[in-house]
Every structure is written in C-alpha cells, then in structure tokens.
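Structures are listed in the sections that come next.
Here chain A shows up in two complexes: once beside chain B, once beside chain C.
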Partner chain A sequence: MNRWGEKAVYALSVISCMMLFGSVATLLCYLLIKGLPALNLGLIFGSTPVGDALLLKRQVFDGIFPAMAGTLALILLAITIAVPLGLLAGIYMAEYSGRFTRNVFGFLFDLLSGIPSIVVGLFGFSAILFLHHHVSEALVPSLLVSALSLAFLVLPYIVKTTQMALETVPRQTRVTGLALGATKLQNIVFCLIPESFSTILGGIILAVGRCAEDTAVIMLTGAVASAGLPNSLFKGFEALPFYIYYISSQYADQAELNQGFGACIVLLLICATLFILAAIIQRKVKHTLLYRH
Partner chain B sequence: MSALVCCLLVLLILGFMIVTGLPLFGQSQAMDLLTGAWSPRNNLYGIAPMILGTLWISLLSVTISFPMSLGCAAYISVLGGHKKATVMKGCVQMMTGIPTIIYGFVGVFLLVPLIRETAGRGSGMCILSASLVLAVLIAPTMILFFIQSFDRVPRSWLDAVDALGGSRVQKLVYVVLPACVKGIVTGTVLSFGRALGDTLVALMIAGNAVQTPNSLLDSARTLTSHIALVSAADFESMEFKSIFLCGAVLYLITAVVILGARLIEKRGNHE
Partner chain C sequence: MTPPKIKIESLDFYYNNHQILSNINETIPENAITSIIGPSGAGKSTFLSLFNRLWETTPGARVEGRVLARFHHSFMDINTPKFSVTQLRRAVGMVFQMPNPLPMSIFNNVAFPLKLAGIKEKEAVQNRVTAAIKACGLWPEVKDRLEKKATTLSGGQQQRLCMARALVMEPEILLLDEPTSSLDPRSGAMIEELMVDLKQRCTLIMVSHQPDQVEKIADHIIDFTPGPES
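Coming up: the complex of A and B.
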C-alpha cells in the first residue's frame, strides 16, 4: 500500500468519526437550544404549587409531573418483578445448568432479547384482551400489564448480566469456599454473589434505564395521554416517553411543543444519570450489547 | 431449585407467544396475506407493502451505518491515540443510552423539514429520513461490537506488525480486518436485526403510508409501526388479525438473524 492509500484510509476513518459524533452532537445541541427555555418548575408542575403537587393535595394538569410519576411507578413495578426472576435464572444458568441446557437456554434467551419490543407489547396486549373477553370485563390494558410486559422485556438482559458476572469470578475465589467445606448453595450466596455484586447491580441499573425509555411496549399495553397520577394497578397511566410521542404527533401550539422538548431533556437527564451511575458502580462498564430497542 | 422454575416460566411465555402466532400460518390464506396488497376497502389485508417497507428502511440504514461504524471502530481501537480513543469509546457507550424516542422527536422537527426542503417535494417523512436517523441509532451498538472483536486479535500479532515497522494503517488493513471478518459480519447482522425491530423512529419519521415504495423519498410503513397503528382497531376485524401476522413475521426474521449470528460465531470458534 502506498503513502496515499494509507492517508486515504486514515482520513476516511476520521471522517466517519466526525460524521457520527457530529450528528449526535447536532441532535443534542438542537434539543438543548429548543428545550432549555422550557426547562423550569412550570414544565413539571404546571400552575399547581410545588408543595401541593408533591403532597398529592392537588392534581397537576398542565405539567409533566403525572407522567414522571407514572414512569417511576412503572419502573418500580417492572424491576420488582424482573429482578428476582432474572437473578435466579441467571444463577441457574451459570452454576447449575449442564452443557446442553446452557446452550439451548442461552439461545432462547438470546432470541428473547432480540424480539422487537413492539412484539412483546403486542403479546401483552393480546393476552390482556384474551383475559378481558374470557375472564373478566374489568381487565383492561393497565399499569400492571405494562409492568409485566416491560419486566419480560428486560428479563433476558438481567439473566445475561448475572450469568456473565458469576462466570467471570476467578477460579481461585470460586473453589476457596468449596475447599473450606461450604455447600454449593452457601458458596453461591456468601461468596460468588457478593464478589460479582457490582456487575449485577450495574446491569440492573441499565435495565432500569431501558424501562424508563421504552415506548413501544407501553404504547400497546396501557399508556394513555392523560390519566393523572397513577393510583391503581388496573388503570391506564401516563409515562414520559409516551407523553413525548403524543406531543410529537398531536401538539396544538408552540407552547405544547416546547413542553415536549423540555420533557425530552428531562428523559435524557434521567437516562444519562442512570447510565453514569451504572458505569460508576461497574467501574468500567462491561458492556454487554443490547441488540434491540 | 427455584431458578429452574424461573427459567421454565420464561420459556413458557416464549412458547405461548409462538403458539399465538402460529394459527395464522396454518390457514390457507396465509400466503395471500404475506404477499398480497393492503386495501381494506376491497377486503385485501396483505402485508407485503409493510414487509418491503421494513426491508428498505433497515437495509438502507445498515448500509449507511456500516462504513461509518467501521471507520469509528477502526479509529478507536487501532488508528487513534490511546487517550482520545478511551474518551471516544466512553462517548459511544453513552450514546447507546440515549432513548429512541429522543432520536425520533429530534428527527421529526430537525431532519424532516431539512429533507423536505432539499428534496423539494413530499412531506419529508420518507424512507431516507427514517434510515438516516436509524443509522445513527444503530451505529453505537455496531461500533461496540466491532471494537469487541478488534480487541480479540492476539496481542502478539499486533506486536509483530510493530516489530516489522508497519504503520497503524497497515496494521488495520493487513492484520486486524482480515482477522475480524467474522466478528464484523456478526455485528452487522445483529444490527440489521435491531434496525428491523425498531418501532418509534419508523413510526414517527417514515410517514406510514401503505404503499409499495418506489424511491427513497417515498413514504413507507414498517411492520413494527403497522402493529402500533392498527392495534387500536376492532378486536374481531381482519385488520387486527393482520398485526399478529406482522408480529409472527418479525419474530421469524429475528430468530433467523440471531441463529445466523450464532452460527457464524460458532464456525469462527472451530477454526
């Protein structure tokens, strides 16, 4: 390869870096310029006094407070469902499964994590419709259905993180407990899990991030444009990403649009905070790739 | 052991999903639905336009994203200096955390008017805009995957190039890239799967018109946005049933993509 060829390869790679970083930077700058003016307490609480809103004395009508509360409730529910299941399944995959089951289950979990989120949403939606028609009329798309579907969406991710964290514990640490006479279960609970705790926790936080940002699932399973604060598991709810989607297609005037930009920044801040938190906890982010959105 | 129960539970749900999708394929009209046109007035509910729209958008976005990602990954792991590369890698990882809805939102208000004015016709909501946004969306995942496979090249090979007086570019072109062909193919295939499964970007930007797309500036509807749009329809209608077919098709394509990626990886291990 001659000198010019080398220079061309180098230049191409620099150009592609600049293209990618440039476009993402443009995106973020545009968002900041448009959204920052709208970013104040009024965006979140509307015209309701802050104290009253936080103490749930009064409803917030023209702010994104209900949407934020909905997202929070959704995350809490989904994570409470997904974490125990995911942890146990991950422990099973790493410690108890044989070679064959590990291969087969590994493939199935891969498949699960590759399913488009809208298909997961569709599944939750059709399941609840089935129940609605055949069990009870009271069952409609709701907070609980969304949380279950979301839990299902992030489950393979938690399983994979747990499995990887356990499998990468050094062999010496692994056998020490056993050599001292611990049973297999004791070894897992008192030795392996504490050892890999930070990685697992980081994975869980990233899963929280995915719950916070996912729109396709909740769109089908219970998110609505206005529901107020979430007060029942069996009713529709508001969520931040769905609010943004709704604004983008239905905004009536410039003020509403500005609110949408503000909401985008809030969501971005939440996700970035979660991500940085996970990175700090894991020290260096062992990034298991998520193959879908 | 309760862990086993959990595993089985997960698999049970997976099985249930497959079962709910299957009956559609058993019917004799399944092929008509797959290849037919979409025209509810004439009682035609074929999803062929959606399949085509999905393929156009995801193929185009991978085509745009691939060279960009390869260049970035090459710069970060081989060509660039260590310090710069670490910072850039951190940035790329952060990018995977940006919510999809934000790409969609900014795409609608920034890119769509731009495309509309440049093209001089149409609404600007077209395959091209959606693919561009999607390309940026899938790039970080692709880059991280490429970097991962670049880093698996044995240290001694790289040292050998240095010892022979090779430059960084030579290292990249003659050693790293040939050694990573499989990793690159796997990463691209998986990103294709991701582009395929994305809902929000296509739903917000591609325009959602049901038609067989003829040019990049045509509006198109993907399988995923079809599900999102039609799910509000009547439960018993054929329109509603068609979205299960869409789901099943997406499911199948995803399975093929992941199986393919796994096979490629496995073959790499044997050699």
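Coming up: the complex of A and C.
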C-alpha cells in the first residue's frame, strides 16, 4: 500500500478509537452528573436504618437495596448454571466432537446467540406457564426461572469463547503435554485450559455483564417492582435493570428519575466489582495451578 | 554395534492420500545416538513421531507396517491398539526443536510428567526433579529460583530444562527433533555433551541438520536423502 494509504488507515483507526472512547466517556459523565446527587444511603436503604437493613432486621421498602441483592443473586445463580454447562460444551466442541457434530452444533450455538433476549424471555414465560397449568400450581415466574432463562441466553457466549480459546492453542503447546505422557483429559485440564484461561474468563465476564443488564428476560420470567430481599428461588424478585426500566417509564418527578440514574451507577459499580473479582480469582487460580509446589 | 532397541519393518506413512514414507526398514541400536539426516520435507520429523505415536495427533495421518520396540526384554509392536499410548509416551521422552516449557514454574515443569503419571509422594518428586535438573547440568543455574517462571530462562537453559523434563520419567528412549538448531553454539555444545552422557542410560534418536554435529556425536545414521532413482 502506498504512503497515503498507510497514513489514512492509521488516522481512521485512531479516529475510531477516539469516537468510541468519547462515547463511553460522555455516557459515564452524563450518568455521573445526573445520578451522583441522588447517590446516597437514602437511595439504597430508603428510610430504614442502614444497620437494621444489613442485618435483615427490617425490610427496605423505599430503597434499591432489595433490587441490588436481587440482581446479585440473579447473576450468581445464572452464572453458576451457565459456566459449568458452557465450559463442558465448549470442551466437547473443541476437543471431542467430530466434524459433522461440530458444524451442526456450531450452527445451533450461533443461532442461539442471535436470538433476541425478549424471545428467550417469552420462551421462559411460556414454559413456566405450561408447568404451572400442567405440573404444579406452585410453579410461577420466579428467581429460578429468570436465572435459567438468563443462563440459556448467555450459554452461547461461554461455549463459543471456550471452544475458540481451546482451538487456537498453538499446536506446539497442544502436543507438549501429550508428548510427556498426558492423557487426553489431563492435557485438557493441565495444559490447554490454563493456557486459554484468560480468554475463557473474557467470555464469562461478557456473560456476567449480560446477566446484569438484561431486562427483557427477567421482566417476563420473575422480576417484580416490589418483593423485598430475595429469600426463595421460587418467588418473584427485584432487580436493578427492571427498577431502572420501571422508574424511567413511570417517574412522577425529576427527583424520582434521578434515582433511576443513581441506580444505573450502582449497577455499573456492581458489574465493575464482579469484573475485578473475576480478575483476582483468575490470578489466584492460575497461581495455584501453575506455580505452587 | 549394540543390540537393537527398535526395529522398523516395511513401514509406510500417509497423510490423507499423500504418502510421506514408503517401505522403511531400519534398526535402531540401543544405548547409542542414531541421527536422522536428509533434506527438508523428506519426512524426518514424521519418522521421529513414529516412536511416541505423536503422529496420531495429526488429523488424516495413517501408518502401515510395524514398529517393534524392546521394553522388558521382548519386542512389541507399539502400534497395536492394546499398547497404551500414554504408557509409551512415558517411556519415550521427546525434546522439540523450539524449547517448549509450560507456563509454570521451573520446578513444576520438571515435575509435570510425574504429576501426569500420578506420582505424588513429595520427597520422591523432589528427589527425582532435582536429579533430572542436575543430570542436565542446570542445577547451579536454577537451584535458587525453582519457583520462578520457566520462561524467564534463556533459550539454552530452557532447552536443557525441557531435557530434564523429558528425563524425569527415566525414559528408555529419547527423541530429539533438531534440539540445538534454535540455540547459540555454546548452548548447543552443552546439549551435545549431555546427549553423549545420556547414551549410558537411554537410546537416543535425533533429527539433525548440522553435518558437523552428526559426525561428532552420532553412532548410527539413517539417511533420508532421496536416491538417484527417485
């Protein structure tokens, strides 16, 4: 390519990055300006004393504390369901499947990752409705149904990243363990997964983000405006994205809307905390796996 | 010449429909260095991969004929399905062209094959790892930093670490695929000396591109240079 071509591509790539950075910065600044004034203990705990709320002595009715707990419970539950399934499916796809199954399953997982979340939500809703009518009256939209639906939604990310991470391990590394007498499973567990751990974790982080923000799925499968702290898998629950949606569609005054912005910041902080936690876990696990003797 | 350790009988190797090796008949002597020479693409590395069945990891690869190796006094065909490939690879060590330490500590790299084989007893692991590192002349250089990442070592040190890792299982056969070609001359010379020392306890098979190296240390040569008729 000629000199101008080189320069143009460089300039365009820099501009693209700047635009992206600019958008993110604008978004964050806007959220902070709107939300910071509303961000205080009152937003989280309402009129309930903080100590009492944290020790679960008294219910919080006019704060987002139950929604925060609900979102956290939802993420943990959905990820706990999705990660083992996704990892194992990804390992199967990369290491054990034949060409035909890999193509068919790969296509299905691609299809699944393209399904809009509202469709997944509708499916979860229909499924629980069917079970409610035909199996037990006690089965209603609940935390568990939401978590299962969300797990279903994020499963393709985890499967795909696991599969890609394992498939892109260089051949040299792939045969190192085998040449030292590793069985197929030992090679996967001790060589291939540690090698691709960071990439796999990237997929999990993406999934955590998706679980934290998705509103369409939980709206149909169990999230409600007021439920208190989540105390059962089989009951409705509060969640931050639903709270934000709810408040921004029916706020009475500016102060209430600002509470929605405050909740946005809290949601971002929860995500950030989970990401940092994931990075720490990654380091710890890697260290224990590879450097302890 | 010492008694044979491996006998290859009318062996053909195919990659999909492409024949790489045809009708090979060779004998590899015990406790000696056998060097495989020939131009690039003649199938030297493929030939080496026959002895630990690493060729099986390449999709589309296929072998016909027999590779008989003598473990415990009698010759056995290592390609028969009942011969455990894992057991085989624990008895046949391999060192690659590029040093390939795993992304873990120096100690854990050498202890890795023991872990794979289920040897857990701490003292035994400690002793065997130490012995293997000492055998490769690496001990004085690494004894104070065994818990450090193996990739912090120099290329020559990494290659000797890989040899230590291959030796920790006390293999009867050691395969080396151009073990010195990525190293500086001094490190290369150290590896060569080490190979000569190792003859006492293993059978070594080495692919080499360096004529002076072959002349200096090889006891037996298998030449893959195509004859005038082909």
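Following the convention adopted for this analysis, the second predicted complex is superposed on the first by the 238 of 293 C-alpha atoms of A that agree within 3 Å, B and C clash if a C-alpha of one lies under 4 Å from a C-alpha of the other, contacts with A are read in each partner's own complex, and residues count from 1 in each chain.
Assume contacts are C-beta pairs under 8 Å (C-beta built on N, C-alpha and C of every residue); 3 or more make two chains touch, one makes a residue touch a chain.
Note that this is a predicted model, so its numbers are computed, not measured.
Colleague: For A:S136, decide between first (touching chain B), second (touching chain C), both and neither.
Modeller: neither
Colleague: First (chain B), second (chain C), both or neither: which does A:Q254 touch?
Modeller: It touches nothing on chain B or chain C.
Colleague: Of chain B and chain C, which one touches more residues of chain A?
Modeller: B
Colleague: Based on the superposed arrangement, let me know which partner A:L178 touches: chain B (first), chain C (second), both, or neither?
Modeller: In the superposition, A:L178 touches chain C alone.
Colleague: Tell me which partner A:N2 touches in the superposition: chain B (first), chain C (second), both or neither.
Modeller: Touch status of A:N2: no partner.
Colleague: In the overlay, answer first, second, both or neither for which of chain B and chain C A:C191 touches.
Modeller: A:C191 contacts chain C only, not chain B.
Colleague: Counting only touches as set out at the top, which of chain B and chain C does A:S126 meet: first, second, both, neither?
Modeller: Only chain B is touched by A:S126; chain C is not.
Colleague: After overlaying the two complexes on chain A, where does the chain B footprint on chain A coincide with the chain C footprint?
Modeller: 289-291, 293
Colleague: Under the stated contact criterion, what part of chain B meets chain A in this complex?
Modeller: For this pair, the touching residues of chain B are 1-4, 6-7, 9-11, 13-14, 16-17, 20, 67-72, 74-76, 79, 88, 91, 93-106, 108-110, 136-137, 139, 141, 143-145, 148, 167-170, 172-173, 190-191, 193-194, 196-200, 204, 224, 227-228, 231, 235, 243-244, 247, 250-251, 254-255, 257-259, 262.
Colleague: Write out the stretch or stretches of chain C touching chain A in their complex.
Modeller: For this pair, the touching residues of chain C are 52, 54, 57, 86-87, 89-90, 93-94, 96, 98, 100, 102-105, 107-108, 111-113, 115-117, 146-147, 149, 165-166, 169.
Colleague: In the complex of these two chains, what residues of chain A are touching chain B?
Modeller: These residues of chain A touch chain B: 1, 6, 9-10, 12-17, 19-21, 23-24, 26-27, 30-31, 34, 85-86, 88-89, 91-93, 96, 105, 107-112, 114-119, 121-123, 125-127, 129, 133, 152, 155-156, 159, 206, 209, 212-213, 215-216, 219-220, 241, 244-245, 248-249, 257, 260-261, 264, 267-268, 271-272, 274-275, 279, 285, 287, 289-293.
Colleague: Within their complex, state which residues of chain A touch chain C.
Modeller: Residues 172-183, 186, 190-191, 194-195, 289-291, 293.
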